[in-house]
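What follows is a set of structures for review.
Two complexes are shown next, each including chain A; its partner changes from chain B in the first to chain C in the second.
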Partner chain A sequence: MSVIEAERLRKVYGDATAVDEVSFTVAEGESLAIVGESGSGKTTVARMLLGLETPTAGTISVCGRPRPPGRVSAGERRRRAREIQIVFQDPYSSLDRLQRAGDVIETSLALHFPLTPAERRKKALDLFESVGLAERHAAMLPRQLSGGQRQRVAIARALAVEPRVLVLDEAVAALDVSIQAQILNLLADIREQRSISYVFISHDLAVVNQISDTAIVMRHGRVVERGNTRDLLREPQEDYTRALLAAVPRPGWKPTRRNAQ
Partner chain B sequence: MSLLTLEGFGLAVPYGRGRRTLVEQVDLTIGRGEAVGLVGESGSGKSMTARAVIGLTPPGARVTGRIVFDGAEVPSGRALRRLRAERIAMIFQDPRAHINPVRSVGDFLTEAMIHNLGTPVRQASARAVRLLKEVGIGDGERRLRQYPHELSGGLLQRVMIASVLAVEPDLVLADEPTTALDVTSQSEVMAILDELRRERGMAMLLITHDLELAAATCDRLAVMYAGRIVEDIDGEPRHPYTRGLMRSRPSLEEAVHRLPVIPGRPVAAFEAGEGCAFGPRCDLAEPRCRETRPPFVRGVACLRAEETA
Partner chain C sequence: MTRRLGGPGVAAAVLLAAIVAITLLAPLLAPYNPDLPDLFNALGGATAAHPLGGDALGRDVLSRLMYGARTTLLAPVLVICVASAAGTTLAIVAAWAGGKVDAVVSRLLDVLFSVPGIVFALVTVAVLGPGVPGVVIGLAVAYTPYVARVVRSAALRERGLPYVAAAWVQGRSATAICLRHLLPNLRPIIVAQSVSALGFAVIDVAAVSFLGLGVQPPTADWGLMVKSGLDSAMRGQPLEALSAGLLIALVVAAVNLLGDRLGRQS
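Let's look at the complex of A and B:
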């Protein structure tokens, strides 16, 4: 069964088309990568999935329920929040600077579950443990945490409502190499333990190779290639995908110039 | 003779009533026309080291050791300004944060030529167009009239490089010049830098967190951890930190069940204890590693480097 069905999505700002005729599905437990450079429209797709942007045309359904544009009740918004959650690139700007890490999780729990304060606290600490944080971190403010720890808080916050889909928008891009590997492993653990699907937005093909089952490559708002991640990276069919792959530094790699523009 | 030499360079910044060490005991040399990569994670002190070369140290910082450029210690005041204007240029990670948003690209590129070299305005503009062409921007006349917000990050970084070329410096300090760019722009910007370096005999110090990028574009690499250089890479990496970094990076060729990770997080110099700063994260650490800082011997600061090689 598909947890996400996006059909012919389109988003136009003024006379600029950010997303054009983008369709894809995400199966239960699947990890789909959306690959592209800046301006490719990959983040706009993510924001439309979350309801942060209204598609100009096209339809989205999450967990089998269509999400038509327009205002919805608070109850419906909560229901939608329990279906899909997001982790942003920079947890420093997406977390409240004045809210302690533990309260971030508890606020989310209080909104969605009828728990006593003691139960809530217990559940928040369990979530902390599942993302590799300790009890002492719960009392800290975002600025007292390192970048990797902040991203763990953002992941715990997203997982708190037990969503079916987690959208990760460049969620490991700003992290140090050694921390990035830890978070990628954490995400792999989470997917193994829960029935959760990922939509992993990234420009980093090596990271995409490690985290996703399927991938779509976007350019100028359109899908240029799609397929099984492994095949797509081994035998890209499109010139653009090949150019992206060729630009990744590796042993023996030499940087190259395109034509002057 | 080397162009730039750092000898026992260290830097500490005021913190509360005391000081915090950010960089210590860094020895580094760059020859004329040579490209050296300085690789490290956040807090390793790599940017602080590069910035100190042109006197961009944080307020109240205490600098120890010597920085020698072309036979003389890096000066201060007016002489330092001359050095920055004529011989050492810097390219920053985020071009948008280092360009005046209310001045046109043309103003930015010609200002130094007009004020420092006394070039007539018309000639300066013509030269700016030629420089833009060299960095792969064809329609220079139009670009000169544009403002920074009208250009993409990749284009703006090329404008930055063009401004560096206007000076024809002996040394370019490139601080994560491609981190904010897309991979295809990164490839292009690095190719431009590489080409210009070879053609003009410019030396480059490339500051980056990306080992693969540095390895592909530099003649030599130094790896920093907690404010110190832990390894000068010559062939296969030998320091457990460098090896761990290379292993933990996901690969394009194969996906693994779990990445081999380095536990813990990178630390800054002032957070490191008595022994090896990497010791607490190292799976090869022995009791002796906790006692003293490992000396830098034959290109690596690790007591167990000989065994693991």
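Let's look at the complex of A and C:
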């Protein structure tokens, strides 16, 4: 069964078409990567999945339920929250700078589960532990945490509502490489332990290779190539995918000097 | 806090605190009843018994200054409390709702902003009659856009941050997001803008009193003292107008400096 079915999504801002005829499905437990350069429309796709943007055309269903555009009740929004959650790129602005890390998680839990304060606190600490944070971090403000730790808090916040799908919008792009590896390992562990699907949005093909089963490549709002991630990276069929692959810096890679005029 | 305000900021805060303390303790500190005429002291110069002399009716100017801070400062504080509350509410609602609501609120604020505060006070005084309530209501309306416009643009910026989107995706209500997240984060800007508006409100309230439409005699009030002191000055006793005018200037300068310092850190 697929947890996400996006069909012929389209988003137009004025004269600019950000997303054009994008369709994909995500099966239960699958990890789908959406790859593309800046401005390819991949973040707009993510925002439409979460209901942060309304598609100009096309349909989205999550967990078998269609999500038509329009206002929904508070209860329906909370139900939808338990289907899909997101982790944003910027670990600095994705947390309220005045809210302590533990309160971030407890607020989510209070919103979704009837728990006593003691149970809530216990569950928040369990979540902290599952993302590799310690009890002492719960009392800290975002500015007292490193970028990697903040991203862990953001992941814990998303997991707190026990979603079926987690959208990761460039979730490791703002972190340095060693922290990236830690977070990617954490995400892989989480997927092993829980029945959760990922939509992993990235421009970084090295990262995509580690985290996803299937991938779609977007350019100028359109899907140019799709398939199994490993095959796609090994034998890209499209020139654009090849160009993206060629752009990945690797050992021995030297920048080519442009001819001086 | 002290380090953020810097030397001049602390000096301004101390000065304002001292004035508030003196006016609260005026019944204990004032040498005379501020409303008691004493014909022997009418238009009297500075003496040991009356350091700032007497006004046209012989009332002690120093005592009247001490009591006068009450209306002079309380009315502007009321104006700003009401204007901040209304301005912040409008700003957050406009920034959150966006679209047409934002357009209507913003145009309304632009219209209010284009009319001088004194004019609003004149209108409400014309309806309610001279006195503090009319002045406070009129000026509160006039100062609402002063707070709202700045807070709205800050709220728009704040609203665009991912943590707000995250809270929305988590299923939090708009009210909860506005009150628990936006408002606390906007607080420094609201405070700074309100304090700097307070400086202007002090001038406007004093000006309306000077015109005879605000605080009514015989209540002691600095704006009123500048007005009655002008007559005394013509008759050779400038201390009343000078001392009241100087205090208004000092308070406005101190409040503006404080607002500026508070604004810098936010």
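What we mean here is this: the second predicted complex is superposed on the first by the 252 of 261 C-alpha atoms of A that agree within 3 Å, B and C clash if a C-alpha of one lies under 4 Å from a C-alpha of the other, contacts with A are read in each partner's own complex, and residues count from 1 in each chain.
Just so it is clear, a residue touches a chain if its C-beta (ideal position, glycine included) is under 8 Å from a C-beta of that chain, and two chains touch if they have at least 3 such contacts.
Just so we're clear, the structure is a prediction, and the values are computed from it rather than from any experiment.
Q: If you stack the two complexes on chain A, which partner ends up touching A:Arg77: first (chain B), second (chain C), both, or neither?
A: A:Arg77: touches chain C, not chain B.
Q: Taking the superposition on A as described, I'd like to know which of chain B and chain C A:His112 touches: first, second, both or neither.
A: Touch status of A:His112: second partner only.
Q: Under the stated touch criterion, which partner chain does A:Ser195 make contact with: chain B (first), chain C (second), both, or neither?
A: Neither partner.
Q: Could you say whether A:Gly147 touches chain B, chain C, both of them, or neither, answering first, second, both or neither?
A: After superposition on chain A, A:Gly147 lies in contact with chain B alone.
Q: Looking at chain A, which partner touches more of its residues: chain C or chain B?
A: B
Q: After the superposition on A, what does A:Asn228 contact: first (chain B), second (chain C), both or neither?
A: Neither partner.
Q: Quick check on the superposed pair: does A:Thr54 touch chain B, chain C, both, or neither? Answer first, second, both or neither.
A: neither
Q: State whether A:Phe88 touches chain B only (first), chain C only (second), both chains, or neither.
A: second
Q: May I ask you to decide whether A:Pro251 touches chain B, chain C, both, or neither, giving the answer as first, second, both or neither?
A: first
Q: Let me check the overlay on chain A: which residues of chain A are in contact with chain B and also with chain C?
A: none
Q: Touching chain A in the complex: which residues of chain C?
A: Against chain A, the touching part of chain C is residues 161-163, 165-173, 181, 184-185.
Q: Report the residues of chain A in contact with chain C in the complex, numbered from low to high.
A: 50-52, 74, 77-81, 84-86, 88-90, 93-99, 107-108, 111-112, 154, 157-158, 161
Q: Can you list the chain A residues touching chain B in their complex?
A: Listed in rising order, the residues are 37-39, 146-149, 176-182, 184-185, 188, 203-207, 209-211, 229-230, 233, 243-258, 260-261.
Q: Considering the complex alone, what residue numbers of chain B touch chain A?
A: Touch residues, chain B against chain A: 41-42, 133, 136-138, 152-153, 182-192, 194-195, 209-213, 215-217, 244-245, 248-252, 254-263, 265-266.
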